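In structure tokens below, several structures.
The two complexes that follow have subunit A in common; it is paired with subunit B in the first and with subunit C in the second.
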Partner chain A sequence: MKRMIASVLFSWAVATGVAGANDQKELDAVGKARAVALAAELRCLVCQNQTIADSHAELAVDLRRQIHVQIAGGKSDAEIVDFMVTRYGDFVLYRPPFKATTAFLWLGPALFVLVGVIVLLRFLRTRRTRAQSDVPLTEAQRKMAAELLAGATPRESQ
Partner chain B sequence: MTKFLLPLGGFIAIFAFLFIGLGLNPREVPSPFIGKAAPTFELGNLHRPDSRFGTQDMAGKVWLLNVWASWCVACRDEHPLLVDLAKQDTIPIVGLNYKDKQDQALAWLKQFGNPYRVAVMDADGRIGIDFGVYGVPETFLIDKKGIIRFKHIGPITKKAWEEKMLPLVRELQKS
Partner chain C sequence: MIPEIGQFALILALLLSIVQGVLPLAGAARGNPVWMGVARPASRGQFLFVALAFGCLAYSFVTNDFSVLNVANNSNSGLPVPYRFAATWGSHEGSMLLWVFMLTGWSAAVSIASRSLPEEMVARVLGVMGLIGTGFLLFMLLTSNPFDRLFPAAQDGRDMNPLLQDPGMVIHPPMLYMGYVGFSVAFSFAIAALLGGKLDSTWARWSRPWTTLAWCFLTIGIMLGSWWAYYELGWGGWWFWDPVENASFMPWIVGTALIHSLAVTERRGAFKSWTVLLAITAFSLSLLGTFLVRSGVLTSVHAFATDPKRGVFILIFLAIVTGGSLVLFAVRAPKVGLGGKFEIVSRESLLLGNNVLLAAACGSVLLGTLYPLFLDALQLGKISVGPPYFDSVFAPLMAPAIFLMGVGPLARWKEARIPDLAMRLRWAAVIAVVSAILVPLIAGEWTLMKSFGYLLAFWVFAASLTSIRERLLVGTQLEWSRLGQLPRGYWGMIAAHVGIGVFIIGVTTVKSYEVERDVRMDIGDTVAVGGYDLKFEGTEEVAGPNYSAARGTVVVSRNGKAVRTLHPEKRFYPVQQSTMTEAAIDSGLFGDLYVSLGEPVGDRAWSVRVYSKPFITWIWGGCVLMALGGFLALTDRRYRASLAQRSALPAHAASPS
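Right after this comes the complex of A and B.
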């Protein structure tokens, strides 16, 4: 319980804060579009399921300002993404890079589909072979069935 | 037999994954800094703003960088522990006063006690970003060579300190 309260307070602490100084230079249209595109690619670590473009958390505001400042400073998109990743890790990217630790993340869905298709194909094949082996009864079997239905004790037939 | 074992196995696998997932804390994002050199900073001293204090002043020491703020309620949770550590002189703690106002930070330390060897002001949170801080409190354990060895997210509990951090601190202090 104490832990829960602490985590609630912790998230609250994240959400409130003191706004920093506004030292933004005005960007041109291209720069603005780049800033928006970049912000939409980066995850806000406070809200986690929002991009820093969507989030109103203090940190998102700061990171948007950081993007702004860096674009104004002539940094490329790759450099800005790199800046974020060195500080916050791959988690900050909505599209994490493909590497050993994320292989299961990327390949997992394809793997599940593959397993599903294999199971389905096997199921269909066994069903088909079962249907083909549906040969008519022999005369002896037919007789036995008739006796069973009539309620008599069936004799073991060769 | 496999007819039953296969779905059962699948169920157990899914159950295990989900069960482990329940125990994970999504707030604890692994820091990319572990094992890497701590970002350097030089900031104004909270108590004497005209004097500067930086990472190079802690070179050759094992130390904690504790990110805190007077507006952070969770910081009060861990504060008694930090004060204890300072009293016992276990490890020097540097306070990074994150996005705070000087007078409020000073009043807060007066009220709850000051465990910091030095507290520095990161008023606009720029150094916080360099350390990948995304919530307060956060605490970094930095070794003699200036490498970050551990990061604790959220208030340090007694359990976390004794089980995870203290053994590492002792080990680093010996080397």
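Right after this comes the complex of A and C.
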């Protein structure tokens, strides 16, 4: 068992190149994927606007290691995120949590579409009844009509 | 001397812009042809003076005149000449000058290419552009003078930010601004039409090519920015939903809606008010983008509060432009006629539906970009809104829009029938579904998300093919000779739509199949990524023109055969004491190998990031196709024919066919 752990640790150290990584266990594929996904959702607080997955900053490296350790320690994603939030506040989350102050942020897009579609449908309905059918032809239509009558192919629209 | 000439030229340009903004508009209102006649010479004069000022600033940069504050702060004698030239727009002041340069350029272009337009229209359009110019020239002269002197002159400059020292800096900002500012033409046409009370299809016809042209430049500009970020930042991303990116993306979305809405207004005389509103919005968003990027609110609301001069000026200007236009719109729009009649299902309504989705998408991006600023300003806490948010709201809004994109070109104007459309598109749907299931299966593991991306892409391709096929059909016979007769405007649309499909293929494939390895590599170590073996052969010190670099050598081999050698670099720029990662990329049609050096670990070893990014070039290829589509549409016969007609016919008789 000891030898196995040692070899795992060795391969991890080689694989990550993180100095002082001796305290870390190699993650399985699922764990790795979770670590990558989590890192992509968290903000590097000392950078301009980067996720900790993207950043080369020391803090980002440190936080990536932290995620790694916690996943290896059996923590769930939610627990790790909670840990980060207690440490750094909501600012660290690139996916803002849903609460009273962010309700409009999250519901806004759906609201836009809903209002847009309702207005659109009402507009189309009322417009159909309002638009007179005897609108005089535009120049373009008249020309098209002339072309049609002359037997030419009407120029198609895009 | 030269900087003073530049400054003087700017002042003269300001005076001319005031003349251009006042006399022609007054002349158009009072029917005074002499006043209206001022518009053209004034706009050309303004362009010449701004060009002169721009030339003076560029000269100061290229000749290292460190007695100019702007040059001393943003350039350095060690900087290679192309970057010194690009440094002209590398600073806040310089980029504002580029903004005005572009504006006056567009305005001069309108003055030249508007011979067939009624005098009143030309006077109003150029008048509005003159007023915009006045605002920006005042802004520069009052708060951001690029020619301010530094006394005593600096020994040497503080250098350009090393991140910007890249060919991308030479080409990306001019392209982006060409697009950004180009929407001022569509805006001015809309305001002119509102002022004149003539919102008809002729107006749409005139502003359409200008809008398309601006949109093409903006597409190219955004694409170049994305590509630049990809190879320069060293972590292989191509879009970060950064507020600065969103600032350019929002006008693009609205511009896209505007292009489609203009098509309906021109063809069918419908949606006039909506089209005008989009034109106002597109330009207002360009201004808002300028405000966001230039005022400093993005870095911190508080930084903005401590030095608010610039921000407040742009904000007031934005309020005047947008508010004024909207008031004018509110007064005039109710009198606008409805245009041609159409049914609830028709090409008109499908295009309008697409517009609603695009507008909602733009609204969401705006919401996500401004929300943290508002929360912070109201002291309700600091939050970050980043890629996870935008990805999860943007994709669901775009998916139905892309579905409609396949249907729209096949629907008839005035009235379409859903059963008929379903019949005609059934094979396209089958092809899309089968490809969506098969492609991820062949490539490996199948997931719903991957499949959905491919579904949209293949839907676009198949629907476009269906559309082309129908155009070639005579009875039941495919008439290939008709291929050459289809108008270029049509091909432009197909190219742009296929571009969207190509783009989606790129995005989906990269997201689904990219491989990232973050490894420590000693000399001789190898790492396997995407079917390639990469062997690290160490680094050597090399000297660049104004930096020193550790240059790595990585040999790429496939099946034991060396195919390529890559040289990622870690550069150190002594003037600004900063380190830059220069990634090495083996780019190909079906994917990139991306290698970037992290930090040295121990004596000879480095931490190295290696990515395999399948199909990533398709992302930018798709954008290029979209822009090409736009340019193709601009060369359509109807524009060329009308150019020929213009010289032969008096203005009002030019046929709007």
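Everything below uses one rule, namely that the second predicted complex is superposed on the first by the 79 of 158 C-alpha atoms of A that agree within 3 Å, B and C clash if a C-alpha of one lies under 4 Å from a C-alpha of the other, contacts with A are read in each partner's own complex, and residues count from 1 in each chain.
The rule is short, and it goes like this: a contact is a pair of C-beta atoms (placed from the backbone, for glycine too) under 8 Å apart; a residue touches a chain by one contact, two chains touch by 3 or more.
All of these numbers come straight from a predicted model, not from anything done at the bench.
> A:A103 in the overlay: touching subunit B, subunit C, both, or neither? Say first, second, both or neither.
After superposition on chain A, A:A103 lies in contact with neither partner.
> Which of the two partners, first being subunit B and second being subunit C, lies in contact with A:L59: first, second, both, or neither?
first
> So in the superposed three-chain picture, is A:R125 touching just subunit B, just subunit C, both, or none of them (first/second/both/neither)?
second
> Please tell me which partner, subunit B or subunit C, touches more residues of subunit A.
C
> Between subunit B (first) and subunit C (second), which does A:V46 come into contact with in this model arrangement: first, second, both, or neither?
Only subunit B is touched by A:V46; subunit C is not.
> Touch test for A:F91: subunit B only (first), subunit C only (second), both, or neither?
Touch status of A:F91: both partners.
> After lining up the shared chain so the two structures overlap, which partner does A:A146 touch, if you call subunit B first and subunit C second: first, second, both or neither?
Neither partner.
> For subunit A, give the residues common to its interface with subunit B and its interface with subunit C.
After superposing on chain A, subunit A residues 13-14, 16-18, 48, 89-91 contact both subunit B and subunit C.
> Could you list, by residue number, the parts of subunit A that touch subunit C in their complex?
By the definition above, subunit A touches subunit C via 13-19, 36, 40-41, 43, 48-51, 53-56, 89-96, 101-102, 104-105, 108-109, 112-113, 116-117, 119-121, 124-125, 127-128, 130-133, 135, 138-140, 143-144, 155-158.
> Which bits of subunit B are touching subunit A when the two form their complex?
Going through subunit B, the ones touching subunit A are 25-27, 29-32, 69, 71-75, 77, 99-101, 123-126, 129-132, 134-137, 154-155, 157.
> Can you list the subunit A residues touching subunit B in their complex?
Against subunit B, subunit A makes touches at 3, 6-7, 9-14, 16-18, 20-21, 45-46, 48, 58-59, 62-63, 66, 85-91.
> Which subunit C residues qualify as touching subunit A in the complex?
Touching subunit A: residues 201, 233-235, 237, 240, 242-243, 263, 266-267, 269, 299, 337-344, 349, 352-353, 356-357, 359-361, 363-364, 367-368, 371, 375, 380-389, 392-393, 397, 409, 413, 471, 486-487, 489-490, 492-493, 516, 518-521, 581, 598-599, 601, 605, 607-608, 633, 638, 655-657 of subunit C.
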